[in-house]
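The same chain A turns up in both complexes below, where it pairs with chain B and then with chain C.
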Partner chain A sequence: MDRIPILKLGDFLLVTVQVDMHDRLAMNLQEDLTDKIVSAHARGVLIDISALDMVDSFIGRMLGNIASMSRILDAETVVVGMRPAVAITLVELGLSLPGVRTALNVERGMEMLRATISVYAAEYSEYHGDPF
Partner chain B sequence: MSLPIISISIQFEHDVVESRQRARQVAEALGFEGPQQTRLATAVSEITRNAFTYAGGGRAEFFLDGSSVPQLLLIRVTDHGKGISNLAEILEGRYRSDTGMGLGITGARRLMDKFTITTAPGEGTEVVLGKLLPRRAPLITPAMLSKLVTRIEKQKPRTLLHEFREQNRELMRTLDELRKRQDELLSLNRELEDTNRGVVALYAELDERADRLRSADDLKSRFLWNMSHEFRTPLNSILALSHLLIDRADGDLTAEQETQVAFIRKSAESLYQLVNDLLDFAKVEAGKTVVRPIEFKVNDLFGALRGMLRPLLAGSTVSLNFEEADQIPDVYSDEGKISQILRNFISNALKFTQTGEVRVSASHDANRSLVEFHVKDTGIGIAPEHIEKIFEEFGQIDNPIQRTLKGTGLGLTLSRKLAAVLGGSVSVASQVGTGSVFSVSLPQFYAAAKRTSATETLTPEASRQRSVLVVEDHFETRLLYTKMLQDSPWQILSAKSIREAENILRNVTPSAILLDTFLTGEDTFQFLAQLKSDDSTHKIAVLVVTAVDDRSKAMALGADAYAVKPITRQFLLDTLRRLADPPLKATVLLVDDEDVSRYLWKQLLNNPDIRLLEATDGANGLERARMEKPDLVIMDLSMPRMNGFEAIDSMKKDPVLRDIPVLVSTSKILTEEDFRCLAGHVLGIMPKASLSESGIESRLRSMLQPASLEYLVASPETATKGGNR
Partner chain C sequence: MADQERILPELLSKHQTQILESWSAEQLRNRRPGKAGISEEDLRGQCRDFLNALQEASQDDPSDDLQSPIWERARDILTDISREQSKHGASPSDIATFVFSLKQILFQLLQTEIGKRPEVFAREIWTTTLILDRLGLFTTQVALKIREEVIARQQSEMLELSTPVVKLWDGVLALPLIGTLDSERTQVVMESLLEEIVRTGAGIAIIDITGVPTVDTLVAQHLLKTVAAARLMGAECIISGIRPQIAATIVHLGVDLGDVSTKATLADAFAIALRRNNLVVTRTTPAARRQSAE
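What follows is the complex of A and B.
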């Protein structure tokens, strides 16, 4: 029933988490996002958690899952706008979010995604060779 | 000493979110810094999630512990789940969770200053988290805390999501209500549909009832029609036979017998009248009435009525007066029906008037081209509340006179219906004790008028009596003649002077003229000569009756008969008959399956000069006709084997029989179609009902006139004498 909106921004998807998510909401977001990556042929996902003042182990794990799943679907995930207190707590919790790339804000996150994708594209064409 | 701050029940997923938000609020209120707030909230989130996820719910309670700085914030999370079996493993960090990161308990322990966990399998788990308040924070007294608590409680942990949910819930409630209302509407709709179906069914039932009523009404009309019809045949026989008895056609009757037969006849007549009224009534109801409009003078109509109603006045002190109607223009309508209406009015008026007069008048409204007839009496009158009732079928008013009088109760209803058929209306004005005026207002020209000569010539016209013009200045003598010719086929037209006689002759051609030669101050011989020399009148038989014997002069001037006063009734009737009917020999073929009818005809044609042949059906009749070549065929219509229509048809196709005149005698009520079939092929149609009526002879004669056969029928008196001789 409850859903967090996912916006399409060119090749990327932007998710801005503005409410304190309960667990089901977080699970729903995970499902929606994977569906949307496929249907929108998205190459990157930006998850903005600047509004969250707390990330516990469940949400942390969810972020990690999103990152790994989207990678399998050929999309990079960047989590942006994490508050310092949240980062500290995550570390103290022993949560290092492996495989989740982070950026300071949405702008940086976009740049990061573009760079990554163009590198991939270059690698791709190098590997397959230019037809001419 | 620990002071309670807030307590949260963990039942739903969202309560986990509320717990951690409350933890943050409490931490903020107690003076914890930002990162500490996050730590607290995160730890509470981990532990309450465990309680919700593994134990299905529990409770989170916040306390402030300690009476000196630093105080301790305690959070106790309890549940009543299965307990944790592998606590040691978890605490050592060796456990991998498949929901979180397996870090919930250990992480929380790491984040807090104090952490105790007690668990027993099947009894639940209690986790107490403790965090020391910041060193710089002031000591919080119970009073301060209660203020803080009020503030925290006011701060509802409202998140957008919460709001959203609240609205959602509201929406759900509204939706629910809407659904309920829709259900209600649906059931209402169903109810309405049921009602509707009921109404439709009811309508169908009403329709059915109406149909049944219509068919019942139809049946009533048909029953009336058929019944009346069936009644007429035996009644005709009773009437005719009693008539014969009274006329002593078969020997004398004793005085007692005569009275009895007269009663039989009288009863039969009133029954016959009733049946006829019913039949007329049924005819109008069934729409079978045929209007046969002709052009006629109102004065003639009044004359005929006067003659017809005279018997009703016998022994009465009431006088019946007809006003002159010279100024009324000719009317084109059904004279027979108007006559019937007026007869009803007049006989009614006579019935309810004991002294005074009944006055009949006519008026004409040129603007609307309406003719109105009024019958005014000086009788008992009708109370206003009864006026409508007298027009109802069988409606009669209860009053002393009424009780003594018999009537069918159909007369006025029938009059009204007949008037409606002619496009007019009937009205009545009345005052109790003073009298009533019954009026019928009719269009001067019958609207749906369409002249068909066939029906006109075939109409068995009741008023076609033979007339005799009596020219006599002496009132008593005129009255005497009137009495003599009462109940005879002769209708009297009287004139006091030659001028009056001439006036009458201009309009009417009587069969005979009874002329007194001694009129004061007038030359009657001159008038006789004039009559006999005029082409239009020279055929009229003239009987000269005078007080002065001057036979040769009268005969020389062309008188057909001569007599000296006083004359007897028998002489008058015989002479009139002789003058009008010269005898000849003739053969008449009677084709009828009914014995009674044949018998009646035989009586009617009881004339030694007639050879009467009989046949009992059409085929037999045709055979005899070919053999005998009769001068006249009298044909019944409804017969076995070959009916009258077929027989007449065959005759008209046969070159030998084609020219034999045919007279139809039937008790069938003829339709327009029947009339068309017969038109041009037959001399006339004689309803069997009229075979017993007085005056039948003259009617028959006028019908036979075109074939010059009128001599076949004798006037009743002479016929009777002939039979006795």
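What follows is the complex of A and C.
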């Protein structure tokens, strides 16, 4: 398999990484995800990495890049379900993913995205009137 | 050399009872008063076992190389004796003296046996000294090893004891740190905190450093690492229990705590945690309680 499926859930995109992330796969994911954000008008992206045993510096950086790219495309990224060992490894590598938001599991991540986007929507309607 | 008769093993077997008697008497005399040592029978037993082993080994092996397998039984017995004695509070030198005190007795016997042949006498004195010295040093090594085992065990116990993760409320964990944070401890702290975050699904973790005596750049770095790791798991960290001196040190060292929230006391941090979870604490009166009960 050289593509990770991206599911659309309402305003959000859900990416569940179920296989070992190798570099090619990560590059493909980054490409697909940016395309999909644009084509689906997504407001948020959830990346579930609970099945990942190991994250190296490249994948760590890739997650950061994906978050930055999505932000430019006006979508919030939340990385969810990171395992303790992975978190420790990333911190020891000096990669604390400063630009990436994190949550314990998909449910929490979804709540977080909803909260953020409703705040944005409220601000938007305050300045520009109701967009919907 | 075949013409060199081995006097020592012969001596040991010939005068065994006598040696045993005077040696254990010597041991008992040397025993420090008021100290609960091992019992007299045990001591006698130890002496007997050791003498037997010594006799056998010196009989079979003229090379007095303690590492050879022939000496294994003697070494094992000495190890047991050292263990037993140090359990009863004997110091390494006490245990070494146990072996060294055999010298005088053996020398006296050698003198009465072969004192008239100075060359043989000198040679035998030398071999005996050599063997006993090595055995004495061996007991010291064993005693040190025992101590090291104790220290290692205590260290690992302390490591486990010193990193409790407690649940303060639903979704709120606290990590009271006590003692200096080195890298090894940080690792343990980090792991147990992250495991607990996964287990309880907590969203907020309070790291209380009231019990951390000093915070230098290294400790601060370890703290920040823990905070970063918890954040990657989706939990937010609050550092509490920062004493004025520590605040001053942090500033003087130029440590940047970034956007980590810090509070002076655990209570303040807990209040913040409750507020973030949309919980309020209210004071109530007995009358109001009764009313709500109805």
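By our rule, the second predicted complex is superposed on the first by the 127 of 132 C-alpha atoms of A that agree within 3 Å, B and C clash if a C-alpha of one lies under 4 Å from a C-alpha of the other, contacts with A are read in each partner's own complex, and residues count from 1 in each chain.
The criterion applied here is as follows: a residue touches a chain if its C-beta (ideal position, glycine included) is under 8 Å from a C-beta of that chain, and two chains touch if they have at least 3 such contacts.
Just so you know, these numbers come straight off a predicted model, no measurement behind them.
Contacts of A:104 after superposition: chain C is touched, whereas chain B is not reached. Look at A:80: by the touch rule set out above, it reaches chain C but stays clear of chain B.
Once the two structures are overlaid, the count of chain A residues touched is higher for B than for its counterpart among chain B and chain C. When the two complexes are overlaid on their common chain A, residue A:88 makes contact with chain B and with chain C alike. Applying the stated contact rule after C-alpha superposition, one finds that A:19 touches chain B and leaves chain C untouched. On chain A, the patch touched by chain B and the patch touched by chain C overlap at residues 83-84, 86, 88, 92. Residues 1-2, 18-25, 53-58, 60-61, 83-86, 88-89, 92-95 of chain A are the ones that touch chain B when the two sit in their complex.
Contact residues of chain C toward chain A in the complex are 187, 190-191, 194-195, 197-198, 201, 203, 225, 228-235.
The residues of chain B lying in touch with chain A in their complex are 13-14, 16-17, 20-21, 24, 34-35, 37-39, 41-42, 45-46, 49, 99-104, 106-107, 110-111, 159-161, 164-165, 168.
Within the complex, the chain A residues that touch chain C are 79-80, 82-84, 86-88, 90-92, 96-97, 102-105, 108-109.
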